[in-house]
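Following are the structures in question.
You will see chain A twice below: alongside chain B first, and alongside chain C after that.
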Partner chain A sequence: MNLADFFASVLTTSFVFVIIRVAVPLVCASLSAYTAGISGMNNIAVEGIMLMAALMAVLGSYWTQSAWLGLLIAILTGIVMALMIALFSMRLGANPILVGIALNTFATSFSIFLLYLFTKNKGSSASLASKILPTVDIPIIKDIPFIGDIISGHYVITYLVVLAMIVIYLLIYKTPLGLRIKAAGLDQEAARSVGVNVNRVRIISLIISGLIGALGGAYITMGYMSVFVKNIISGRGWIGIAVAGMAGSSFPILIITTMLFSIFQAVTNIFLLYNLPSELINTIPYVAVLVGIIIFSITETRKRKKGELD
Partner chain B sequence: MSDTILKLDNITKIYGNGVVANKNVSIDLKKGEIHSIVGENGAGKSTLMKIIFGIENASSGTITYKGKEVHFSNSMEAIHAGIGMVHQHFMLIPSFTVVQSIILGMEPIKHGIFIDMKKALSQTKELAKKYNFDIDVTKKIADLSVGEKQKVEILKTLYRDAEVIILDEPTSVLTPQETVNLFNELRKFKDMGHTIVFISHKLNEVKQISDRITIMRNGESRGTYNNADITIEKMTDLIIDRDLITDYSHLRKDYENVSTVLKVDNLSIERKTRFILKDVSFALKRGEILGVAGVQGNGQAELVRCITGLMEQTHGKILLADNDISKDSIKQRRVKGIAYIPEDRMGDGIAEQASVSDNIISTYYDRKDINSRFFMLNKKIVAEADRLIKKFSIKTQSSKTKIGSLSGGNIQKVVVAREYNTAPSCMIAEQPTHGIDIGSAEFIHTQLIDMRNKGAGILLVSADLSEVMNLSDRIVVFYEGEIVGYFKSVKGVTENELGLYMLGVKRQTPEELGGALND
Partner chain C sequence: MTKKKTKKISLTNEFVFEIVKTLISILIALGLTFVVIVLLSDNPIELFTKLLTAPVTKVRYFGNVIEMMIPIAFSGLAVSLLFRTGLFNLGIEGIYFIGGVVTAAVACTAIDSYVLHPILSILIPAIVGGLLMLIPGFLKAKFNANELVVSLMLNSIYLGLGLFIIKNYLRGIDTSAIASPAFQETAMLDYIIPNTRITISFFLLLIAVFLVYLLLYKTRLGYSIRMTGTNMKFALYSGMNAFTLFMLVHFISGFLGGIGTSVELLSLYGRFTWIVLPGLGFNGALMAMLGRNNPVGVLISAFFISYLAKGAEVMALGSDVPVEIMAIIQAVLVLLVSSQYFLRKWRERQLLKEGTANELS
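Then we have the complex of A and B:
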């Protein structure tokens, strides 16, 4: 490989297109972790939710022979899983982190169990005639050179995710509910003292979290790929949790960081075309997350120490 | 009376564990008055306010608000009725702006779903202007001073149309200038028809601001007085509880010309806006108990934290037997001879889930006789624990019993036994008998005197005046982070006199105070 080749493949419209393609599930994961986290109810089951949703999208669309109904089933699965965090932690007093861990391990095994049940195959759903969601060519825009190549022609979930991004931004920053969600996450006593129903607010956040996580899972088996294979989410949910942790309550930082990791992911995909050890190349996005978190933690700790002296 | 807005009639509150927090308290609040409620910590002021505000339910008695009997089952109902409360610990979120903090829970709406930020801004600005609050509503809470944060809390109640505003110890966090400002504001609210309930234990402030004053003691009301009809001395009399004085003097061994074990030299903790401790100097000698008197929250806790190493002072030195220990770790300080009975027994004193024997060795678990290089020597630990359990007559089933299941008095005996067992040269006893039964309290007192007789210096920090009077050889009095009174001997000192220093009414000259260090 030479450098010129590399830049030639990076500086193309198709590369930007690829970034968007790999970004969609990551954005979903980040948004899922973010909406739950800012309400003070950490959802670390994002990976598990995405995994179950990915499977249910395949099974659902196979059963109903409709991609849309499959998507709906996937979304319901995600919401039910997220609500389990609410049920176990609020009603039964369990630690939400432990519930999250349980859901993740459950999803890992249960998805394979279901897969085997319906396909008699523990590795892949290739034998099922599942549906995928259509791609959308945006009229007029698709004919604009360069921009049309980048923006048009994605799977329909991609546009849904962009819409979800905008809606979540408006919700958190512009509505009373958003203000209350943030208050519940930052200081639940203070929120309660002015009459905010903290539990209700957190349940709503978890529903959104489950929904958007499921969207990301469904995208992977109904667009990005067209089959379910075991462990198909391969850590995207965890990257989302890490990104949300870095962003704190800041939506812009959340999106910027997610896009940054998406670029790393896309670059990785290109590197894989060259004759380099793929095991090493595949670590790039994860190493980037690790480095990002370390830098972030250091600056945060410094800030906090400075604040304490006042 | 027609101008009565809120009337409490025979309010009694008994908690599930049998503690009587309020007993037959009757108070009437008039419209447009500043009504102070004074009393020591634990006198029942806070519980009473929680009952008014719907956080607690009264066990018996009635509350009449604007002529109608009310039962607030949560604070939202009280807020809707027009009662506002400014908590001692602010209910504010640092990363929110002032506007966001004020409107949270009652946001103005536009287009059906969005917060009308413009309206919110203009409403809060107007509100601030109406009450003459000089505050930038777009600032973040984190960037405000304590006084400004309090203003935001008051604005929160006004935004919710509060007619009765309860302020719980509002001046405890303020600088003197901020206090003056607050008082001016409160007078303005009064003129505008609001009723202010001012909870405090600072009598001179109460005297300054109140129309009427209700005095609480041991959960009961000692009467409501017009400000003009009562002197500070009379209030002190009514507030301070006179327990039976237990005389320990026959146990005391006399010492003369003994060396100093702990010297605190010009110790200060300076924060951005104020001093938490200011130029505190005193010497603690071998074989004496130095009592630190004062209303809680006047810097005693911080003094203790500095000496034990839990907190770092900004100025000054702490010397243990002439060695500066200011930079030492907690462990090093303990090894050098400091022992500590912490005020927060359950939090700092013990590990609730661990056994009595584990707790009784927890500050010297690495001692050679109970710890080989790799293993804890459990047989020896149990033997040591059993010995201490016997010596301190701790009532427990065995040394392996979980300490959390013991009574408060017995838990405290475990803590005292542990600290005693390190044979300290300097013992810091912080509220050592707070909230425990009389029997255990007396036992702990005799143990402290025993340690003193064996040559330890004991710093006794207590809000319980009779405890300080009974045990101490010398006394210093804290007020707002400073030593304001020093008594070379307990003889001839009355609780009344101490009370006047504790409440900031009286203050000695620097020469007199110098005795704490030099006597």
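Then we have the complex of A and C:
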């Protein structure tokens, strides 16, 4: 591979555009896992939520012949799935991680079940005339060279996700509700003792988690691609869970890690063009997260040990 | 009077209550499935009967049930040990994949012995599986790294690594698919029951269930595992070194996973053909949940789910109801069975009633 060629393809506006395109579903997955996790209610069904939402976006937009109603149906699906975690873990006493595992396996097969019912095809929804969401050209900005090429012309959901990112940041860091969410996650007994309704706070977090996860799922089938195919999320939800697990309660680390991951993924796509062993290159992002989490855990352990000594 | 008392099945008994709860969960899951079938089909009764009885109509079908049961029972055992220790590690999925690649490597090597070759083809993947599970085990034990995240990352890494090995060093030239060469005939396990593809792996499974049972309930290590699962702090005070405990549990789990994947490939496949994660490890997690992390429970769950899966498969042939209907049964079952408070109110009322009755007499 020619190094100059490689840099030539990386250092372009279209490459940055691609990073954003790749990043949107990953940001959704990370935010989904983060908002639930920070309230002490782990949502590891992100993959399943995104998968079901991706399917319902296609089916919903086909039934209603409206992309927006399709998006709405997808979001409702995501919220319902997230609430299942609340129902089974809070009311019925199941471990939320186990509920998540069950929901993921359920979504894998149930999405195919529904796909088959409505298309008589178990592989793809290509036969359905589903809608996709429009792209947005931001006036004035789109005419600015370089910057305009990068931030204008994305799908509507991309801008919604940026908005959601800001809203979630403000919610967690700047509002009383955010404080309560964090309190419920840190120590639910202590939170209860100062009058926080832990269950309600967690249900709110799960609703946000389901909503943002569904947004990511819908993005895949209403923008990134325009059809649903079997297992279309292909691990993005799991990546979000990994990133959120690494970031802990820190929002900035969450976003930085997700963006690093997206860059890795985009670079991986370029590497693939150069006939390198694609299987190994595909693992680079996972190795990166693994190394990240190892470093993170080692420093945490050192800190704790030091704290014990002091 | 006393006779009547002992005869009465008492819901206050934890074991009886768990069984009743499981049966009710099964009824709800099947009821829901029936409703779905009614909605989708014109002859629901016939289809539903097929779902429930098809596996016992032919020896071959019942053989399929056992064949399907074996790999998920092995992964269920492997995962149940981890869950039991309070470790949410889903790495068995990756172990099945990379262990399968190791199986292929050994099974494709020429070893001229019908005894030694299968033994090595099972034992080597088992040891490799055990060693590979030590990675998340070590990171957890030493640095308290989130085992769920680590194991998920390792799953994807093993998938890539395994495919790389198959494509570049272990590619079958007699096939256009991405697959290993055909295994040596000496490595394959023989069918031991006519009309089925059941092999010695069935007995290996029974032995594994028995050994895991002994381990959990009759050894000190097992005691530590059970106690740590109920209270992580126990590991620190139990005398057994937490580090050793975590490492041992991970190794045994990976070892079981390695056996599970090798016997699956050596019984049913003949060459390594997976190009995505097979899903058997994740299914094992469900079996562990259904079986409440008890080895015998895992075996029964794996049998039950395989039975319904085969029933669903036969039912789906030539009908409007796709085989994926299994997802509904499985999810409802797993969710209800893992719900501690499901029916708990009812049980508490029974307890109360019994208490008052005792007081009055």
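Observations
Everything that follows uses one rule, which is that the second predicted complex is superposed on the first by the 309 of 310 C-alpha atoms of A that agree within 3 Å, B and C clash if a C-alpha of one lies under 4 Å from a C-alpha of the other, contacts with A are read in each partner's own complex, and residues count from 1 in each chain.
We adopt the following convention: a contact is a pair of C-beta atoms (placed from the backbone, for glycine too) under 8 Å apart; a residue touches a chain by one contact, two chains touch by 3 or more.
All figures in this text were calculated on a predicted structure; none of them were measured in a lab.
Applying the stated contact rule after C-alpha superposition, one finds that A:Q65 touches neither chain B nor chain C.
Of the two partner chains placed by the overlay, only chain B lies in contact with A:A183; chain C stays clear of it.
Between chain B and chain C, the partner in contact with more residues of chain A is C. In the superposition on chain A, contact of A:I293 is made with chain C only, not with chain B. In the superposed pair of complexes, A:S14 makes contact with neither chain B nor chain C.
In the superposed pair of complexes, A:T175 makes contact with chain B only, with no contact to chain C.
In the superposition on chain A, A:L280 makes contact with chain C only, not with chain B. Those residues of chain C whose C-beta lies close enough to touch chain A in the complex are 40, 88, 90, 139, 142-146, 148-150, 152-154, 156-157, 159-161, 163-164, 167-168, 276, 279, 282-283, 285-286, 289, 322, 324-328, 330-331, 334-336, 338-342, 344.
Taken together, the chain A residues at the contact with chain B in this complex read 170, 174-176, 179-180, 182-183, 186-187, 189-191, 193-196, 249, 307, 310. Remark: chain A residues 44, 84, 88, 91-95, 97-99, 101-106, 108-110, 112-113, 116-117, 122, 231, 235, 238, 241-242, 245-246, 277, 279-280, 282-283, 286-287, 289-290, 293-294, 296-298, 300-301 touch chain C in the complex.
Residues of chain B that touch chain A in their complex: 75-76, 79, 87, 91-96, 100, 103-107, 109, 113-115, 142, 156, 271-272.
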